[in-house]
Amino acid sequence: MSSRIYVLNGPNLDLLGEREPQIYGTQSLADVEKLCLSVAQRYGAQLLFRQTNAEHEMIAWLHEARRAAGIVINPAGFAYHAVAVLDALRACECPIIEVHISNLYRREEHWRQHSLSAAAATGVITGLGIEGYRLALEYLLLRHTAAHP
Amino acid sequence: MSSRIYVLNGPNLDLLGEREPQIYGTQSLADVEKLCLSVAQRYGAQLLFRQTNAEHEMIAWLHEARRAAGIVINPAGFAYHAVAVLDALRACECPIIEVHISNLYRREEHWRQHSLSAAAATGVITGLGIEGYRLALEYLLLRHTAAHP
Amino acid sequence: MSSRIYVLNGPNLDLLGEREPQIYGTQSLADVEKLCLSVAQRYGAQLLFRQTNAEHEMIAWLHEARRAAGIVINPAGFAYHAVAVLDALRACECPIIEVHISNLYRREEHWRQHSLSAAAATGVITGLGIEGYRLALEYLLLRHTAAHP
Amino acid sequence: MSSRIYVLNGPNLDLLGEREPQIYGTQSLADVEKLCLSVAQRYGAQLLFRQTNAEHEMIAWLHEARRAAGIVINPAGFAYHAVAVLDALRACECPIIEVHISNLYRREEHWRQHSLSAAAATGVITGLGIEGYRLALEYLLLRHTAAHP
Amino acid sequence: MSSRIYVLNGPNLDLLGEREPQIYGTQSLADVEKLCLSVAQRYGAQLLFRQTNAEHEMIAWLHEARRAAGIVINPAGFAYHAVAVLDALRACECPIIEVHISNLYRREEHWRQHSLSAAAATGVITGLGIEGYRLALEYLLLRHTAAHP
Amino acid sequence: MSSRIYVLNGPNLDLLGEREPQIYGTQSLADVEKLCLSVAQRYGAQLLFRQTNAEHEMIAWLHEARRAAGIVINPAGFAYHAVAVLDALRACECPIIEVHISNLYRREEHWRQHSLSAAAATGVITGLGIEGYRLALEYLLLRHTAAHP
Amino acid sequence: MSSRIYVLNGPNLDLLGEREPQIYGTQSLADVEKLCLSVAQRYGAQLLFRQTNAEHEMIAWLHEARRAAGIVINPAGFAYHAVAVLDALRACECPIIEVHISNLYRREEHWRQHSLSAAAATGVITGLGIEGYRLALEYLLLRHTAAHP
Amino acid sequence: MSSRIYVLNGPNLDLLGEREPQIYGTQSLADVEKLCLSVAQRYGAQLLFRQTNAEHEMIAWLHEARRAAGIVINPAGFAYHAVAVLDALRACECPIIEVHISNLYRREEHWRQHSLSAAAATGVITGLGIEGYRLALEYLLLRHTAAHP
Amino acid sequence: MSSRIYVLNGPNLDLLGEREPQIYGTQSLADVEKLCLSVAQRYGAQLLFRQTNAEHEMIAWLHEARRAAGIVINPAGFAYHAVAVLDALRACECPIIEVHISNLYRREEHWRQHSLSAAAATGVITGLGIEGYRLALEYLLLRHTAAHP
Amino acid sequence: MSSRIYVLNGPNLDLLGEREPQIYGTQSLADVEKLCLSVAQRYGAQLLFRQTNAEHEMIAWLHEARRAAGIVINPAGFAYHAVAVLDALRACECPIIEVHISNLYRREEHWRQHSLSAAAATGVITGLGIEGYRLALEYLLLRHTAAHP
Amino acid sequence: MSSRIYVLNGPNLDLLGEREPQIYGTQSLADVEKLCLSVAQRYGAQLLFRQTNAEHEMIAWLHEARRAAGIVINPAGFAYHAVAVLDALRACECPIIEVHISNLYRREEHWRQHSLSAAAATGVITGLGIEGYRLALEYLLLRHTAAHP
Amino acid sequence: MSSRIYVLNGPNLDLLGEREPQIYGTQSLADVEKLCLSVAQRYGAQLLFRQTNAEHEMIAWLHEARRAAGIVINPAGFAYHAVAVLDALRACECPIIEVHISNLYRREEHWRQHSLSAAAATGVITGLGIEGYRLALEYLLLRHTAAHP
């Protein structure tokens, strides 16, 4: 049984740590990846950590990940109007956790509070900074290893 | 006079037959292509059948198809917020038929019922499964061969 | 097994060809009937072609047609607020195709774009002129003769 | 003093018991009439029980019933956009009870939850199946016989 | 050239003078007819004065009146959701004046203030009681006799 | 099998008969209780009649009543925004009838017309004054005694 | 008893006949005044015909006209957001007719169809060109002379 | 420095495990408490675990907890319209994590997706079952012990 | 005649002076009470000054105060969705002044600007800090002593 | 230091006492001025009391009053859409109290409940009749004399 | 051919440089006039630079400018609800550029982002400070001198 | 110090001059580039002029341009729903001018009037044809050379 796990990051997250640090913190995406790897290693799982600014690349990765052990997705700007990403999420057969670094409920723009993609996720973690990635991974891996000892 | 005809498919349709079969049926996109080819052959027309998950590729194809004999488009997730696709459709000078496999009027999500791109099409066929492709092609080719005997 | 097929036309369609020809074309309802008869004959089916301005007559016909081989309906002005027609459509057990001569998505009035009755139909064809009737009949009869050879 | 009482039924109720039994139950309109007659007999009142799919017939009956002892109306599809029925209801001088067999609050369609005609009724009973008719009649007849012993 | 003129009255106007006299006054529809006849006679025009509660009858009369000298219509309850009447009005080639006895802008209900059919009329007179009929007829006949001396 | 039946009244109903008698009538809550007791006695059922202004007390009573023979609830001010009461209603396994003394459809405030708790009830009776309680009890007890003779 | 009658015209009407003649016609405000004077003379009434671009001047005139025999107002641009004009209209004790030269229901802008000031008028005439002024004056003067012979 | 930590549960959570197990699972609130205690012990923190159906009791506890090391709150039905709870949360000076057992984004009701209280929280965990409590506690205690070694 | 006057304070006002002092100032509720007492003594009136976090307690106090000389209420969080408090306010027969310490019109949240309870008050004072209490009391007592010298 | 205080009244307030006395009372603006003068004299302040129907005059006065001791404004019809007045209020550097004679929250029109200008005021007093002026002046002058003894 | 060019400024711009300098900068309207004059001199054009707080004066100036070489307008508070200004702009036959000093899209108020008058302008420049005036003039004069060498 | 300046063009602008010339004019994108180069040369700046139909390419260019001297962007179809482009714009540290060739305020579609990306720009120029590019560049370069002589 597969124990691959995907962590997929949407547009502009390559600037993490540089852009609006008062909202997103000062840690870079490389720091996030390191954090995720350490969790995956603890569970003996294979981690695939990626980032893209292109919608079609995100869709291709979701197709690839359809039967993985789990997906952690930070859709960033794709959360709001990218229906094609939503449809790709719906085609996945594994559990999905959507992570947002900042608390969407506190964002100034009205539409930031309505994540289209969240409706396709198993659960949502928002506002806990990059810790949200770690919690999401632990939830997925604990559940996966329990089911496939 | 050109008798090229385009059948253009939007994001996630490469999964047709696998994803949500209770809505979209069990036939694959290859089956759709075979169906379309048999209609085109009957009329002696050249068929260009394509699928993409990338908005810019869809736009490029529409620019290429601007003066073809006709376009059948299943915009899938691009139907709703992809203004750039709508603008490319408006730049086309040939008849366009938008096809949806399921009946949009019965989808649970409110925005699924408002296709932005439909306003740029000559007509719309929705809810007749992959038969919708066949009917659209027959309409376009009958009309084209009548005008260019 | 019944091979009766109904083509039911709503209010003001008796004026077809006279009223707003730039939108609805110059062919009359008699021309539509002739077109439909030729399709039905090709499949050996019995065609019942009718038009009414009265909501209750449309409802009575739908009750009569509940177990026919199929229904093609152009609800015209009944598409928008006639809940009683919608309820009668829901009571039908055969496939239904809703046909509109012009493309609803291009009509100036907002409410023209929301067909209440479309939600009760199997599929919808809009914007292909009176050809829409022909395509709808072919779809229904092909499907019916396949199931009852 | 008149002790005539009207029970008026709107469109598609002639299909009661056949159409969507999981919502409307399996009893027919004839069963409803029998139920109503037994109540009326108990009070020595004259019952006029009718059904129509035609809006103008419903209006004519309401004009006839304007000075009866009471009206029970199940407007069915006329509840939502039939302003002419609403106006006829307003012209009545006797108490009116609107009855719906299913619970409007639980219907999937948004507009089903807003009965236009309900604003002209004395009261509304919804969701109690065909028992709603019996309760409505008892309310009206009890009140009428108390006032005219 | 035709000098027939139609005055068409919608549902519940047969109760005029009895229903809500504080809004609609105490004069009956017969009084309105008398008033209209006297105006028509002054201009030597033929008056056709009618009332119906049935939408399809109103549509039939409008089809009949399409090429008359003019139409005065008090659509009453048909003003609001009867799209089929609106479509029939649009098919008319003569000037149309819509008359309402009370001032729609002062009615308590929001939707009373939006007459769908008014968009198809040449002009609208509202709030002037039954005098509105007289003014409408004078406008139409003055204009007609000027054009056809 | 239990034949306990609850009649639970929400905030301000202790003022019944004193507050806005033109809407709610002149009878007190004691009168309502007397009326309910007489119905219960007729069926040999045990009646628990209560009133509270405190949301948590209402919730506790609903927990206690979860497996009773039935619940009649007049949620009064709790009908609109009290999600906790709605959740408690959903946890009940017996039939529930929501009663409102006045006709919600006629209340001036928009939000009065949308009862949140009504979605959790089996049925709703509104606008029949305190008779609504009696009708509700009879419906519940008739059904209960039929099932447990 | 006063037989003064006011005809008050709002902003930009001094350009009548020059501005957008396809909507407003080619007759100037002087032509309108001449038309109004001839009607007033026929009834022996005193006419006060005025135009202003200033909201406060319109308000002052309405205060002056509060106890006149009647007011005809074409509020033009003041019809939509000028609450102060609405309040001044409400302070008037004589009948008021609001006149619009074009049919508001046919204007392209949404807000043009909602006249704030119409709610304070006795009646509204719209879409009959400058004839609307004549009809309004005749209604007011006929009524006034009947009451003060 | 205080290392008290509060876990506060809102209305109807005393029924956890019994009510709608397909949404909330089969574990009881006692199981949740046990889970939370084991986490707290691991960090040597003092746990205060409580549940209430009363809004004022929740407010009192929040006042008491204002300067604790952290608060985990499952507001249940108080999440939506209980402004007083929101104000009490805002008065707290410690980090707050809001936990929901089911995924709010998947609940059928629109308002379930808008948690008012979430705006006052540091972060939100939703859809991870009772594991959400554990993750929330670990986040708070890790952060607290890092700051107060 | 009674000269009792109530000053009733809603949830979280027990924290006044501590919570968000930049909005609510640094004076405590005890300071407000002292200020109110000095006004009452000047007029020889009996003051009942109270605070609660419980909705049902607020309702009970309003029932008690129904026939007092006047009520000053700062509903705080109860202003927005607490329909039961609104109903209790409506049952009061004495003048009521609603006081808010900050200017609701300047609050960031949309719903803060719509006080449900304000519709039941005689008047509203907002944005004048705790001076608002003093002005409200002076208004009520001046008026009361004038009527009952 | 300046102790000039402005009381500025918007359009139609010159009719106070005459217009709709059931809403605005029977006292005239001269009575309001007298009341205000007596308060100002008590504090030794200079009162400037004015009324205008012209928006530009109100703006000019606000520019003049920018550095006064305080402004009491009853914007009347300017409260709702007069953005220029709002901008002028924002340019003022002294405290501003907006006064409305009737309770806006009880007005029938929706837009009456949203005062645009209130967002620029320090506080708002509504529904206390002309007493509102007195309370506003006392608040401003007490505060001013405390700061400039 | 006329080479007069108008620069028209709306309400409160006489306070430019004093009011909210963090938004509007510190330069006065006299500075803007100097800047505009230097551009006009370079092109040998006649500049008419004006400011008003009165809507009717703005309308009169627009009537005067109808056939000038061009208009630069900063409508300020008139941009939002002043329909009469919009109508006057529409009557102009020369190009119009609307200038706003700050970026409307960044203003906190929702309605600030919808300029009614912008729909009547040839183009809009917003957010470039007083440089916007210079760019607008250069555009108009370059175009004008090209057409009238 | 960098004096690179970017001119970035969104989807379908490669068709400029061909598509809908009555809206966008007959000049091609090559003409726009020539115009921009001549301005840049006059200021001795380096121009990077690009066009793409791909959202991710636009994002990559914006990341590259983050610390340039300025950006002129014509986002075309990306202006409306492309949140990822908006986020990339926000990450830029140089001034940005958004240019639209046609006046958005005059486009028939409602959503065309709401540019999402405009909120991230320093200023917006719309409706001045391709001259808008020239004005934008002059503004940016004048400002840049002033700051870095």
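So that you can tell them apart, the chains are marked A, B, C, D, E, F, G, H, I, J, K and L in the order they are listed, and the count of residues begins at 1 in each.
Here is the rule we use: a residue touches a chain if its C-beta (ideal position, glycine included) is under 8 Å from a C-beta of that chain, and two chains touch if they have at least 3 such contacts.
Keep in mind that what you see is a predicted model, and the values were worked out from it rather than measured.
Taken over every residue number at the interface, the positions common to chain F and chain H amount to under half, indicating a different-residue contact. Separating the centre of chain D from that of chain E, both taken as means of CA atoms, is a distance of 32 Å. Distance from the chain K centre to the chain L centre is 23 Å, each centre being the mean of its Cα atoms.
Centre-to-centre separation of chain A and chain K, using mean CA positions: 49 Å. Annotation for chain G: residues touching 2 or more other chains are 54-55, 81.
By the definition of touch given earlier, these chain pairs are in contact: A-B, A-H, A-L, B-C, B-L, C-D, C-E, D-E, D-F, E-G, F-H, F-I, G-J, G-K, H-I, I-J, J-K, K-L. Of all residues in chain B, those touching chain L in their complex are 54-56, 59-60, 63, 81-88, 90-91.
Interface residues of chain B facing chain A in the complex, by the touch rule stated above, are 10-12, 14-15, 18-20, 52-55, 57, 76-81, 111. For chain J in complex with chain I, the residues that touch the partner chain are 97, 103, 105-106, 113-115, 118-119, 121-128, 131-132, 135, 138-139, 142-143.
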